[in-house]
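Order as written gives the chain letters A, B, C, D and E; numbering starts at 1 within each chain.
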Amino acid sequence: PRAMAAQLHVAVAANFLGTLQKLAERYRRVSGDTLSLSSGSTGQLYAQIRQGAPFDLFFSADTQRPQLLDSQGLAVAGSRFTYAVGTLVLWSPRPGVVDRRGQIIRRGAFHFIAMANPRNAPYGAAAQQVLTALGQWEPLNQEKKLVIGADITQTWQFAASGNADMAFVALSQVTGPGGRISGSYWLPPRSDYQPIAQDALILARTTQPAAAQAFEHWLRTSSAAAQIIREAGYRPGAP
Amino acid sequence: MALELSLSLTRGSFSLQVDGRWPARGVTALFGRSGTGKTTLLRCIAGLERLPARVVFNDTVWQDATQFVPAHRRSIGYVFQEPSLFPHYDVRGNLEYGLRRRAPEARRVSLDEAVSLLGLETLLSHRPPQLSGGQRQRVAIARALLASPRLLLMDEPLSSLDEISKDEILPRLERLRDALDIPILYVSHALGEVMRLADELVLLEAGRVRAAGPLQSLLTRADLPLGGFDQAGSVLEGAVAEHDPQYHLSYVLVSGGRLALSLQALPPGHRVRVRIDARDVSLALQPSQQSSISNVLPGTVLDLRTEVDPAQMLVRVKVGADVLLARVTRRSAVQLGITEGMGVYVQIKSVALMDK
Amino acid sequence: MALELSLSLTRGSFSLQVDGRWPARGVTALFGRSGTGKTTLLRCIAGLERLPARVVFNDTVWQDATQFVPAHRRSIGYVFQEPSLFPHYDVRGNLEYGLRRRAPEARRVSLDEAVSLLGLETLLSHRPPQLSGGQRQRVAIARALLASPRLLLMDEPLSSLDEISKDEILPRLERLRDALDIPILYVSHALGEVMRLADELVLLEAGRVRAAGPLQSLLTRADLPLGGFDQAGSVLEGAVAEHDPQYHLSYVLVSGGRLALSLQALPPGHRVRVRIDARDVSLALQPSQQSSISNVLPGTVLDLRTEVDPAQMLVRVKVGADVLLARVTRRSAVQLGITEGMGVYVQIKSVALMDK
Amino acid sequence: MGGDDLIALAISVRLAAVTTALLLLLCTPLAWWLGTGSSRWRAPVNAVVSLPLVLPPTVLGFYLLVFLGPQGPLGRALTLVGVASPAFSFTGLVIGSMIYSLPFVVQPLRDAFEGLGTRVLEVAATLSASPWDRFVSVVLPLSSRGFLTAAVLAFAHTLGEFGVVLMIGGNIPGRTQTASIAIFNHAETLEYGAANRLSATLVVIAFLLLLTVYASTRGRGARVQPWRWN
Amino acid sequence: MGGDDLIALAISVRLAAVTTALLLLLCTPLAWWLGTGSSRWRAPVNAVVSLPLVLPPTVLGFYLLVFLGPQGPLGRALTLVGVASPAFSFTGLVIGSMIYSLPFVVQPLRDAFEGLGTRVLEVAATLSASPWDRFVSVVLPLSSRGFLTAAVLAFAHTLGEFGVVLMIGGNIPGRTQTASIAIFNHAETLEYGAANRLSATLVVIAFLLLLTVYASTRGRGARVQPWRWN
């Protein structure tokens, strides 16, 4: 409907960057609009946005920072929504390490478990909740068996490089093409941790509100988008 | 033309106090023992030491209470006591450094002149570490000359050079000085070098000027320590009288008579200065015959003085209007009965012309 | 005791080829013009140049095809041509550097001795930049002495020193050398210094040894250029005959007769060497009376040679078993009719004892 | 290697070159003052010069962003005079990189200047060279080693810099996304193949560049320098 | 400031001190060879020394982790001899910091050694000083400026290092969580007050340390050096 194709600048939390790249590619084909993606940690992107970074949309890895931006009036009213909900997995690149019920944590036959920083990464907070539910949070901390990644990527790297025996990571990271998962893993019960919801919003400073809204609308409603998100190991947020 | 100086500096226990006005023409020798402040004085004149002082060169104020002309605008040439070549240039680069910084019309020495003057032909592409000590010193001299300075400061420039090189370089340097009329302030320990080269002498002792004035008058002054040097002597003014090509001799008339010296390419009547070392002078009561000593002049004893070595005496003899120094043994002095006012014949074994 | 050398080195157009065995005792002077390779030769002996060579000192092989004793194990002292003090130490620190690295029982010079020998008492806490050129040179000499070396290499150590300092230092150095029996290889341009100090002479010319041998025999050799120097002269062996305290004279018997010189504190019979400069020698057909020249000996003319200056001639005269050089004008030579084989009287104005 | 990577590489190289050039230019006077002056402010300034290193790069970047951003003191001043804030632009990257690499340039230069000694300068002055002339004809060539080290450290460090650049540049593809950020992005999206390729390219480029520099310059430096009369 | 922050600060200072000390020790021979040797390998080695700077720290850290990990070449070798992998330990931090700060130590030292000249060493040799003795009594004091710069850069850079340290240390509080990581964490969790406090503490500590060092050492260095006979 618009005369010229728009280019939207999107700030995206690093863990969703790959998925958003796929989404952008798909969206470009349906709308002609392109997305320029700037990734970083959620905290860093948040700081940049507060300092006037030239982004149109913000895809956070949590719900807290979008809420803050919203309350500070830096978001387009009503644009905040949950675009994906993550699933936590305890994973090892080697088969036979993690049992299907997560007993290994109690047995303690390992050197290190990697997890993201619970204070700034939602997956880290979730991992802490799971460990607390297992009654292992305190003991593992005491024994200094927890290595903390700055973000979920680093956490994955700790395990993937074999330096940590296993890691609490996002299911999206270990899901290969066709939904296959290599190595061994355990999916903690969803009841043991709060949903890992990731919120997005349109920034109030955007110069292309129409294009931004169009993309958001597509993302919330298109089944193709939902499909891509699901394949990446997330659950789509409520439409 | 004159160099006016007034400075006072203290470093630890050393202090330098100089007040004076020295004629800035020909060569002024700065003579003094090691550590008396010769280098420090040159540095002050060059503008390399920031200190309260008054330096006036030929009516241009270089430094006083209100102004300070920095070293690079004083148009000096400075041969440092250590050759101090630029390590990042070869010999040619070192030589050209100062040359390039003079406007072509202001250049008074060409690269070729300087190179041949100091015998650097084969060394032009050498880098400083590939030079011997004496070669480095020669490059430093040539470099200073090529800056066509209005005043040349030389701090023991020939100390690492052998006699033959010195004998080659000194006369050429003298000629160049006369041709270009660049006054030179020349630091040296060697009284021989000083006597050969200098017109004026400044005698430094422990940071103070002990005496300053024309070389001739200072050399024979009884109150100065110069007579005590191995190479003590006197300098006489004279005029070329005639030549004797057969024996390769020239005759020079001085106030006391006629002196023979090596043949010079100078016209009769030309005014010259000749140098006579005390050790070359002996005394006799009669003019000797049949001796190889060819210069004998009558004179009158002014006084006798004991030297550091008690076996020796230094006798000052008035010859015409000049004073000659003679070094004789105490025994000879006694045996010949030499006393003040007595008439004697001075026998001069060797007379050297000072290229003037 | 001997120093055996065999080396060959090429640097650009310069090549150094030395083969020889020189006695390592007393002072061996390395004499040669600027750029002839004196410094390079010293560096090879010190082990500072890595090159194929053979260096044997007193039967210890320092270097040959199979071994190389590094510099720090050669027990040498080296006074570099540039003083090269350690910038991070004061004078005392510089002096103690070598001293500390000798076991106490191997030390042969004490700090106090070296300090007073070179007059460094007031300079001990100075840092190198606070020293004058001559002061630096004196510190470098003292530093080398304090390492109590088995061989002392000195590269123009006195070039920045005034005559008085030289006159003070040289005799003390000679005494120290004799007391400690440290052989010295001494580079110098100044023939006067060499004649005064050296026992042996090595004459370098363009990287080759032109001649080597005892000083006396080389000085008067007609085929060497040494006679051409201003300070040419000869050295005679003799023995103290008697003293004349009244005139502060000592008499020395040489092969050709008796010579008077300044009073020496030496017992009669003591063997000494005396130096007689060519310029101090005149010739006469009769022994002169009534002249201040006190030493007159009969001799026979060996030969006459024209000098660089055609007005001058160098006459070699056989006096007893010795050869003296006399510098006379061509005119005198002709007028006196001096020819080979003729009997003459040599008048010697000044005789210097070489502290031996 | 994708086109984005090539662009990022080009931005990195350009950023490193611009940063290095500007730093050499600006730090030379500062280093000269530190190395040859005698003010009693030298010690504190010396200490301050090293401080940019002490903070984690992202944190430094954050403070810079606060300072330079539209709400920051400098940003606001700039906006008043009608200049856009340098945050999230190439200019911002340059400023950030310069601040962070400052010590790597100042310190080797200062050491080089301090080691020169005064004699060569005195000689040049007596040969009529003005202070500026002396600087060009004597100080520069004789401090070439220091300049080389300063340039190499600044260049290499800017190539690899990530935190400050990410923070102040905003990782905008084609504009402020440098190779180091691109590698990081690849790693984030588990494209380890691409990350490895880009890393390898960066390392190889840097190696070849440094090799050329050292092979040509070192030799000269070595010929000039080992000779000293001290 | 919380207890965790204090502990992190202590770890940082200890890490910086250990890293600096080890680097000075290990890099001195390397820098000597680079500065005074004449091998034709010098140029490539010089180039390689600077390469750790070229990669973003986290990437470098990742490669290190792979190299040290159980599947990595070194990790496997260590496991064979019964030594635990240094990943996620203080040892690991030290290794990572050392690799990353290597150029900051090697280059100033190399420059200092290269600038020494041979004469002082020759003089020392003729005064019977053995090579080791010469190194201690002549090279060390006359290169003090280079050592100071190397130490300051390495120390400050290690204090602020974040990427490599985070990667290889695993951010284990009380063991491998350094002050720089703690500041980063504070900033990420929007605890800007705590971040500012810790940053300020770090900066002030570093400033006082550097000031002391420069005020005491610079003076001496300056007195020793301006004099050169070149």
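Odds and ends about this structure:
Quick note on the criterion: a contact is a pair of C-beta atoms (placed from the backbone, for glycine too) under 8 Å apart; a residue touches a chain by one contact, two chains touch by 3 or more.
Predicted model, so just to flag it, every value in this text is computed and none were measured.
Hopping across touching chains, the smallest step count from chain A to chain C is 2.
Contact with chain B and chain E alike is made by C, D.
Taken over every residue number at the interface, the positions common to chain D and chain E amount to over half, indicating a same-residue contact.
With every chain reduced to the mean of its CA atoms, the largest distance from chain C is reached by A. Separating the centre of chain C from that of chain E, both taken as means of CA atoms, is a distance of 56 Å. Computed from the mean C-alpha positions, the centre of chain C lies at a distance of 60 Å from the centre of chain D.
Our note on geometry: chain D versus chain E, Cα centroid distance of 19 Å, whole angstroms. Chain centres here are Cα means. That of chain A falls 36 Å from that of chain E. For chain C, residues that reach two or more other chains under the stated contact definition are 82, 84, 87. Counting partner chains per residue, chain D shows two or more touched chains at residues 58, 62, 119-120, 187, 225-230. Multi-chain contact residues of chain A (touching two or more other chains) are listed as 44, 47, 157. Of all the residues in chain A, the ones that touch chain E in their complex are 41-44, 46-47, 65, 68, 112, 114, 117, 119-120, 141, 144, 146-150, 154, 157-158, 161-164. Residue ranges on chain C touching chain B, taken from their complex, read 11-13, 32-35, 38-39, 81-82, 122, 126, 130-135, 138, 155-156, 159-165, 167, 189-191, 229-231, 244, 247-249, 260-263, 279-280, 282-286, 288, 290-294, 309-312, 326-334, 336, 338, 347, 349-350.
Across the complex, chain D is touched by residues 9, 11, 14-15, 17-18, 21, 36-40, 44, 47-48, 51-55, 153, 156-157, 173 of chain A. Chain E makes touch with chain C in their complex at residues 119-120, 122-131, 133-134, 137-138, 141-142, 223-229. Interface residues of chain D, counted against chain A in their complex, comprise 58, 62, 65-66, 69-72, 85, 87-88, 166-167, 170-174, 177, 185, 187-191.
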